[in-house]
Every structure is written in structure tokens, then in C-alpha cells.
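First chain A sits with chain B, and in the next complex the same chain sits with chain C.
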Partner chain A sequence: MELELDLSFFYKTTILPECVLIFCLISILILDLILKIKDKNVFFFISLVSLLLSIFILIFQLKEEPVISFLGNFQADNFNKIFRIFIALCSILCIPLSIDFIKCTKLAITEFLIFLLTATIGGMFLCGANDLITIFVSLECLSLCSYLLSGYTKKDVRSNEAVMKYLLIGGTSSSILAYGFSWLYGLSGGEFQLQKIADGLVSTEMYNSFGSLLALVFIIVGIGFKLSLVPFHQWTPDVYEGSPTPVVAFLSVASKIAGLALLVRLFNIVFPFLPNQWHSLLEISAICSMILGNLVAITQTSMKRMLAYSSISQIGYLMIGLVTGNFDGYTSMIVYLLFYIFMNLGTFACIILFGLRTGTDNIRDYSGLILKDPLLTFSLALCLLSLGGIPPLSGFFGKLYLFWCAWKTGLYFLVFIGLFTSVISIYYYLKIIKLLITTENKEVTSYVQSYTVSSFSLLSKNSIEVSIIICVIASIFLGIFMNPIINILQINLHLNTFTNI
Partner chain B sequence: MILFSVFSSIALVSSVMVIRAKNPVHSVLFFILVFFNTSGLLVLLGLDFFAMIFLVVYVGAIAVLFLFVVMMLNIKIAEIHENVLRYLPVGGIIGVIFLLEIFFIVDNDYIPILPTKLSTTYLTYTVYAEKIQSWTNLETLGNLLYTTYFVLFLVSSLILLVAMIGAIVLTMHKTTQVKRQDVFRQNAIDFKNTIKKIRDI
Partner chain C sequence: MLEHILSLGAYLFCIGIFGLITSRNMVRALMCLELIFNAVNINLITFSNSFDTQQAKGEIFAIFIIAIAAAEAAIGLAIVLAIYRNKNSTRIDQFNLLKW
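== the complex of A and B ==
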């Protein structure tokens, strides 16, 4: 027993970033309870600082050797660390978005921050989870906070509907996932660490059996619901439409990052014997996601529903990198994920700002926005174009690298579908931009007329505008610095356990 | 062995009755009976602490909560057993699929009558009870929770914290218009001061 104690204390720095966040969360809770602080901005400041701190710790830890700590519960290699950095980055960008939203809707601020931070912690644990129990527990941590966040505006009927649907679908998918895990546990002879499951499957000679295929299918279904891959995507538009917009911005990015990390690790470690099966299953769902997401997005009238379908198609593009399955494929997936964070959060930031000032999220009501606020129009247009993949912007470079890697490994059909659907996506993004810019029809909608712009001095910028500017700059210029990014990623991923197959 | 059969058969019968009972209150009561029998099974396995926890958590908290919810919702009994056979096709198919999945694992190790070709050598398991004979359940649990499964303990405690806060946030309606009685303030009011104030006016 002595030995185990020593080991678990020796590896405590592996979860130091999460511990920083937990400490921040508890301190926010206690400070809010004890002190009667009127100015709640202190809490935003505390949480932003702690998120930044945890990102810095992670970046410093990138040099360390991969370790499996807590007797196999938690693995800290560079792949996980990059994904954990991404999740913390999303919450850093999402917290400024939610400040003004919460102030306008007069909701409780502290609890919102606590839910957001707990979701971040859950996602970060999920990225590094190395056994089935940790995966399940941290997934539940992430999804419970997501349910609570999406039902946060409790007076809004649409939000109630959204959270009800999300809760039921999420519960179903979790139980399906747990069922798949129980198959793995049984087939491997009672192991639950990922690497030991793979060994156990070999030793029980069940690695190629029908049972492990069944477990694979159940796990894909379970994670597919979380990632909103196409056969399991039906909840996405409703939940996105009903939930508060900053929450949607967080969910659309953070849950996808965590889910992708889980998918890559789980399949590469546990199912190395069935590569064809899981590759082909994911390929089918990637193709369906790209086609259906982009085609249905054309017909949407609500901006948030349109972005929901757009995010379904984006997860299809990310799946291409996963299906490619080699070192370059994973690198391209991570690069595109990084770009996707900035593009998507930038778009959502613009929508939140517009929604706060006018109170609508209909696409029709955006027409002629350029007359009132050229800056917002410009940023929204840039983010949308970047999502669509127009050449000088970073979305283009991300997609290019993704398609190129897939082409090299011979996934011609997938690349063709990806290219074809990108064209469709550019069509509906351009339709919105045309609506924004055209000033031909003089009758500007009443919503845009009621739009009031804050003064243009830099000091009075509110927090949403700050994160819009960050996202727009990132989604323009990151693509140009893509080669250094890829180099850094490849150097860091080199130490990894499974990507150098 | 006799106790095992008694407990498990009563549990099975009452779990069927949970679904078939016409009155939802009866259904919840049968549910509690299932929990009692299952905890009896746990005691037979030697897991006394878990059996007690099972009773306290499920019967004490969750099932009684269900009972309250059912009683408060006032569901009409006639509506429920209207369409008994409506869901039979879908439910039957799913049930048959699950039953078939069980038969992938079950072979003559469990049921001696079944003919099977699968070898049973892969079912290796460790009898943990033999390894930790000197420890009670509680000691083992404590030792494992605070050392090996420390991360799990941390994350699940976070889940519980968030669930508690979330339940409070979602259900609390704090309206400012309604006049409330603030007990502490009312108790702290000084008689003389109150009278004085009115005299001043």
C-alpha cells in the first residue's frame, strides 16, 4: 500500500491544470457566499486568470515525457495536453461572451461561471482519461454542466424545451455508451484500463469477434450523439436554437474537442485490431454529416439553426482527419480544430452582440447591417468566409491541409465529397454576407433600425467586442502561420504513444 | 442457495409488477421491494456495506422521492393502461435483441443444458475476496477511494456539487416584488426604537 501512495502523490503535477481550475471554482463559490460583492466582474477576472494559468502550466508540461498517473486512471501525453489547452482556450474565449449576455438577461452570474468552469474541468479530464470509469465519470461531468447551462434561462420556454430534449438524448446516449463499455469490460476479462483492455482482448482471443464489433458500434453511437454526427444529430438544431447563445458557442466547440479526443484515444488504443471496421463506420458518418449538414443549412431561416447544421458539417470535415488515421491526419485534424475554435466562436460572438442589441436571431433581420455597424458586419463576414474556406483566410488553409492528407492516403471519395460540400457551404455563407452588405432595398428592417452602436473609442469596448476582435484576427492570420503551427504540433506529437503507428 | 433463489425470484416478480401495476403508487412500492431484494442479494455476496448504502440511497432517497412525485402529479389510472399492446412490436423487437445478446455470452457454464462450442477458458477472473481477507469492505473502499481512484472521487464530487447548485439555480424563484418575512430582522427589532420612530413622525 505504501508504494501506491507514493506513486499517486508523485504524479500529482499531471492534473495540476485541472486542480488550478477546481481551486478557482471553489474560491469563487466561497467568495460569493461570504463577501457581498456588488461588482461581479471580479469573478470573471479570477476565472480568466486561472484558465490562463492552467494553459501556461500545460504548455510548460508539453516538454515532459508522457506518463500514466494515478495507477492508470489518467494519462498525460502531448496529444491530451494539446486538447486540454484547446478546451481551456474555448472557455477563455467564451467567458467574455457571456458577461454582457448575463448582465442583460439579469441571471445569476456566479453559478453560470461555476457551471462553465466545471464543464471545462470535465472536458479536460475526459481528454486525459485512461480507463472506462474515468471516461464515463468525466463525460457525465461535462454533459451535466451542459444540460444546466442550456437550461439556464429558465423563464424562456424555448430554453426549457431545449434542455429537456438535450437531457433525454444525452441520457440515452450515455447509457448506450455505458452498455458498450460493459461489453468491452466483459470481453477483455474484467479489465478497464484502455491499454489493458487491448491486451485482454488479445489474451481472450476476442479481438476479432462479433462481440467486440458490437462494443465498437455501441461506443460509436454513444460518442456520435455527443459529437452530433449525422445519424445521431437530430437534437442539435433544437438545442442550439433554444439555449442561450454564449452557451451554444461553448457547447459547439468544447464538447466537440473533448469528444474527438476521446474518440481518437479510445479507438487507437482499444481497437487496433479492427481498423477497417471503425474507419469505414466513421467514414460513412463523416460523408453523411458533410452532405446533410450543408444541404439542410441552406434552407434555415434562423441564424442559430443554420450554425447548428454548419457545425454538423464541420464535424464531418474533422472526421476526415480522424479517418485518415496516420500522423499527418491527426496533425491536420488538430490544426483545423484550432482554426475552427476561432472561426466558430467569432461567428457566435457577432451573433450574440447583434442579438443583445436587437433581440432577434433571424437571418432575414440582418439585412443592411452595414449601414449601422460596419465593424460588426466586417467581422461576421470574415468569420463566415473563414468557416466556408475562402482562400486568404485560415479556414481555407485548414481545409486544404486536411484534404491533402486524406488525398495522400487514398481517400479520394471522401475528399471529393468534402470539396463538393464546401462549395455548397460557401453558397449559404455568401447568401448571408450578401444580405448584410446590400443596401439596395431601402426598407431596412425594424430590428436593424433599433440597433444602437456603442461609441467607437477603444476604451469603451465591451467584452464581446474584445473577443470578436481576437477571433477575427486569429481566423484571418493563423492560416498564414500554418507551417510553424504544424511544425510545433508535429514535434510535440512525436513523443506520443499511438500516433506514430 | 435457497436464500439466493428466494431473493432473486421475488425481485424478478416484483420488477415485472413494477411495469404491470395499474396504480403508479403500487408500481413505486414494488420498485422499493425490488431494491430490498437486491440488497439482500448483496448481503449474500458478502457486501454488507454496499447493501446498506443501497437501501439508504435508493430506498431512502430516490424511491421515496418517486413516491412523492407520483402522488403529487395525480396521474389518472385509466389513461395508463389504455394502450398496453401498442408498444409491443417495438419493445418486443428490442427485448429479443437484448435476449439474443445475452446468449452470445451464456454457454453451458451458466446453464448446463445449453449445447455450445465456445471454450470457456477465456473467462479468467480474480477472486478479490481472497486477496483482501483481512480487510472489511469499508476499509477496502476507503483505501481505494482515496488512493487509486482519487481522480474519480474528485470528479464525482464535482458532479455532485454542480448537481446541487444546478437544482437550486433552476428551482429558486427570487422575486423582489413580494413582501417577505425576514425572521432575523424581525426578531432583532427593538421595541423602543419602533415606537420612537412613529412618534417622531
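== the complex of A and C ==
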């Protein structure tokens, strides 16, 4: 009994960031229940502070040695910690986006925050999960909250349709994943922890059998649905178009970060014997994602749908780093992921602001926006150019490093496809920017005419604008400071034994 | 014996996927989803009985899956209610607002 008490003392610091968030969640619930607070901004403040606190704790924990705690169910090494920081960062950037949106649409604020924080906690646990039960439960914690969030505007028929599709497809994918897990459990002779599964697969001599290949395929299908890799991407545009925009902004980054962390850990630990199989499967899906995502994005007329296809193509680029499979590859993937958070959230923030002031998200209605609001036009253009990878912006440096690492390991075809599709993506991003800026026939659409500009003075900013400014500054200047970021990442990951496998 | 139960699990899994693809009612689709989760449970319990009689981790996983499937079904039924209030039907094929 004493031994367990001692161990539980050790456990506290490994999941302290998540504990802070859980405490914040409970305190928001209780405060909303017992105090009749009219000014709901307090809750936003509480959640932002706790997210910041958990990021700081994680940053200070980066120096610690990797530990496996909770009897092997949770692993905290630097690789996980970086991904957990990214997920908390996404929530911090997404919460300001949702404040004004919720106030305008007159939805309940507390529940929205609770769902968002629970999804964050689920994603953070997923990054560190070290056995199949924890992986499954935290994945479902993330996805169940995402379903609830994407159906949040329940009077809207489009949101209903989106959440229906999301629930059915998400449920199917997680059940397929669980089926793959059950095969892993059986083939390894009854083991659950990732490392023990790998050992068990060796000792039962099943690591090269048809059964383990089957489990691999089921797991790739299950995670591929969550990541919206190409053969499994059908739900993404529909869900993105129907759901409320701040939720889409959160889903488009947080679920991808968590899914990537899961993919890297699971495949490197459990399937080190089948590297060719899973590398080639992921390579095919990366190529398909880049080509199909970029080609279909050209034809879209809705801004959110266009961004959905663009995010499909971005996950293809991130997959390049994963397929590269060495230390540099993972570093480049993490760097690009960091840039992607800022670029994508910046774009979504601009769309939310425009959508709130005009009530449309059709690409056609954006024409001539520069006459009304030059600053919004400027930031949207910068974020889109950064997503496309135009040289001085950070998206360019991220892509360059990604392609360079892949080129060094000899993935020439993948790099070629990546370069070719980036050119296509620049075409459709530039098409939007042209629409924003050109005012040739001097007529603006009725939507832009109804656009009312708030005074852009330093004092009276709303929260979306703060978020836009942070994202735009990050997506312009982070690329210039890329060398220090890479150095920090390499120093921190170097202590870590996992990525050197 | 093992392979018979495993093929029962695979059969249930296939029925569930088939039902999800073809069914036109939201409630029926949710029932098919439960079927897939039950196929997973059958697999886990079989493996647990054969290989892992000491710790019975498979049964524990099965309990977790049952609980999560129940949560998912609850959310699904809530969505069905919300849809029914808006459109007076729960047929999946009548939802075609969002497309290409």
C-alpha cells in the first residue's frame, strides 16, 4: 500500500498540465452553476489563464527525463510534450475566435468552453497515451467533444447535417480502429502496452504475418479518417462547411496534431518490423492527398470548403515528414506543424470576422474588400500566401525544410509531387487575393457594402482582431527565426530515445 | 474454436459496415455502429480467454468500449432529436444540402 502511495506522488507532475485544465473545467462548471454571473467573460479569462499555465508547466518540464507513469499507461517524453504544447496553443488561439461568434449567435457560452476544454484534454492525453485502452478512450474524448461542438448551432439545418455525417463517419472510423487494436491484442498474445505489444509480436513470431498486416491496415484506415487522408477524406468538406466556423478552426488543427502524434508513436513503437509496408501505404495516401486536395480546391466556390480541401493537401505535406522517418524528418514535420497552426488559424480568424460582419462565406462575395477594410484584406492575403508558400513568409521556409529533408533521404518522387502541387495551390490562393484586391469595375458586392468597419484603434479591439494580429505576425516572422526553432527542437528531441529508433 | 469465434466477429463487423453503407435511417445506422463495436468486443473477449487468463485485460477493454459506445449512441440519439425537430424526418438520404 505504501508503495502505491509513493508512486502516486510521482505521478502528479507528469499529468500536471492536464490536471490544471481539468481543475479549470470543474471550476467553470461550478461557478456557472452557483453564481449567476451576467458577464461571461470571466470564464474565457479563467480558461485562457489555465491554458497558459499548462503551456508554461509543459515548457518547464521539457528539461526532465522521459518517464513512463501510471503503471505504463502514460508516457511523458519531449516528443509528446511538444505536441501537447501545440494542442494547448491551438485552444488558446481558438478561444478568442469563438467569443464574438458566440455572442453574435446568442449561444450558451459555458457549454462551448467546456466542450472545447474537454477536447483539448482528450487531445493532450492522446499524445502521451502508451497503451491501447488509453489511446482509445482519449481519442473518443476528443472526437465525442468534436461532434458536440460541430453540432453546436442546433437550429441550423446545415449544422445538423454536418454533425450527422461527422458522427457516423467518426464512429465508424473509431470502431475500425478498435477492431485493429483487438487484432493487435490477440496477435501479441494478450498485451496492451505499446512496447510490450512489439515484444509480444516478436515472441509469438507474428510480426510478419498476414494478421499483423491486417491490423496495420485497419489502424491506418481508422487514423486516416481522423486525419482526413485522401481515400478517407469525404467527410471533411461537408463537416467544414456546415459546422460553426470557430469550431472548424479548432478541428482543422487540434485533431490533426493529436492524430499525427498518435500515428508517429504507434507505428514507430508497435510496427518497427514492417517499416516498408506502413511507409509505402502512407506515401501513397500523402501523394493522393496533395494531388486531390489541391486540384479539387481550385473548383470550390465556398471559402470554408476551399479551406477544407486546402487542409487535406496540407496534411499531405505533413505526411512527407512522417514518411521520411528519420530525426530530421520528424523535426521538419514539427516545425511545419507549428507554422501551419498560425497560418491556418489566421486564415480562419479572418473568415470568421468577415462572416460575422456580412453573414456569408462565399468566395465571390469577398471581391473589393480592400476598399472597406484594408487591414483585414492584408492579413487574409498574408495568411493565404503563407499557406501557399510564397518566399519571405514562414510557410515557404517550413515547406523548404520539409522538402529538403525528404530529398536527402531519397524520396524524389514525393518531393516532386509536393513542389508541383504547391504551384497549383499558389494559383488558387492568388485567385482569392486577386478578387480581394482588384476593383476594376468599381462595383462591390452587396455583402461588402453592408460590411461595417469597427474603428481599428489600439484600445477598442475585439478578441478576433487580437488573434488575427498574433497569427499574422507569427506567420510572417516565424520563418525568419526558423534556425533557432530547429535548434531548440533538436536539442530537446535529442535527449529523447524514441525518435532515434 | 478460436477461429470460429473470430470469424463470427469478422462476420458481425462486415454486417455492421454493410448496414452503415446501405441504411437510410439515422437510427438504423446507429444500430449498425453498435454492431461493429460488439464485433470488436467479441474479438477482445475471445483473445482474452485464450491468451490472457491471468489479467483479463481484454475484458477490461471490452467494458471501456461498451461505455464509450453508449456515450456515442447517446450523442447520436440527441442529434437525431435535433434533426427531427428541424426537418420532421430522420432519413439520411434527405440530407443533401452540403455537397461539392
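Here is the rule we use: the second predicted complex is superposed on the first by the 495 of 501 C-alpha atoms of A that agree within 3 Å, B and C clash if a C-alpha of one lies under 4 Å from a C-alpha of the other, contacts with A are read in each partner's own complex, and residues count from 1 in each chain.
Assume contacts are C-beta pairs under 8 Å (C-beta built on N, C-alpha and C of every residue); 3 or more make two chains touch, one makes a residue touch a chain.
Computed from a prediction, not measured in an experiment: that's the story for all the values here.
Chemist: Just chain B (first), just chain C (second), both, or neither: which does A:Glu241 touch?
Modeler: The second partner, chain C, only.
Chemist: Once the structures are superposed on A, label A:Gly190 by its partner contacts, choosing first (chain B), second (chain C), both or neither.
Modeler: So A:Gly190 meets both chain B and chain C here.
Chemist: Applying the document's definition of touch, where does A:Ile22 land relative to chain B and chain C: first, second, both, or neither?
Modeler: first
Chemist: Is A:Trp278 touching the first partner chain B, the second partner chain C, both, or neither of them?
Modeler: neither
Chemist: In the superposed arrangement, does A:Ala178 touch chain B (first), chain C (second), both or neither?
Modeler: After superposition on chain A, A:Ala178 lies in contact with chain C alone.
Chemist: Once the shared chain is lined up, is A:Val157 touching chain B (first), chain C (second), both, or neither of them?
Modeler: After superposing on A, A:Val157 lies in contact with chain C but is clear of chain B.
Chemist: Taking the superposition as given, does A:Leu148 touch the first partner, chain B, the second, chain C, both, or neither?
Modeler: After superposing on A, A:Leu148 lies in contact with both chain B and chain C.
Chemist: Given the touch rule stated above, what does A:Glu205 touch, chain B (first), chain C (second), both, or neither?
Modeler: After superposing on A, A:Glu205 lies in contact with chain B but is clear of chain C.
Chemist: If we overlay the two complexes on their shared chain A, which of chain B and chain C does A:Ser138 touch? Say first, second, both or neither.
Modeler: The answer is first: A:Ser138 touches chain B but not chain C.
Chemist: Where on chain A do chain B and chain C both make contact?
Modeler: 133, 137, 140, 144, 148, 151, 154, 186, 189-190
Chemist: Sort out for me which residues of chain A touch chain B in the complex.
Modeler: 1, 4-5, 8, 15, 22, 70-71, 73-74, 108, 111, 114-115, 118, 121-122, 125, 133-134, 137-138, 140-141, 144-145, 148, 151-152, 154, 186, 189-190, 203-206, 210-211, 214
Chemist: What does chain A use to touch chain C in their complex?
Modeler: Answer in residue numbers: 132-133, 136-137, 140, 144, 147-148, 151, 154-155, 157-158, 160-165, 167-168, 171-172, 175-176, 178-179, 181-183, 185-186, 189-190, 192, 237-238, 241-242.
Chemist: Under the definition above, what is the set of chain B residues touching chain A in their complex?
Modeler: Residues of chain B touching chain A: 101, 104-105, 122-126, 143, 147-152, 154-156, 158-159, 161-163, 165-166, 169-170.
Chemist: Which positions of chain C touch chain A when the two form their complex?
Modeler: Interface residues on the chain C side: 6, 9, 13, 16-17, 20, 26, 29, 33, 36-37, 39-40, 43-44, 46-48, 50-52, 55, 57-58, 60-61, 64-65, 68, 71-72, 75-76, 79, 82-83, 86-87, 92, 95, 97-100.
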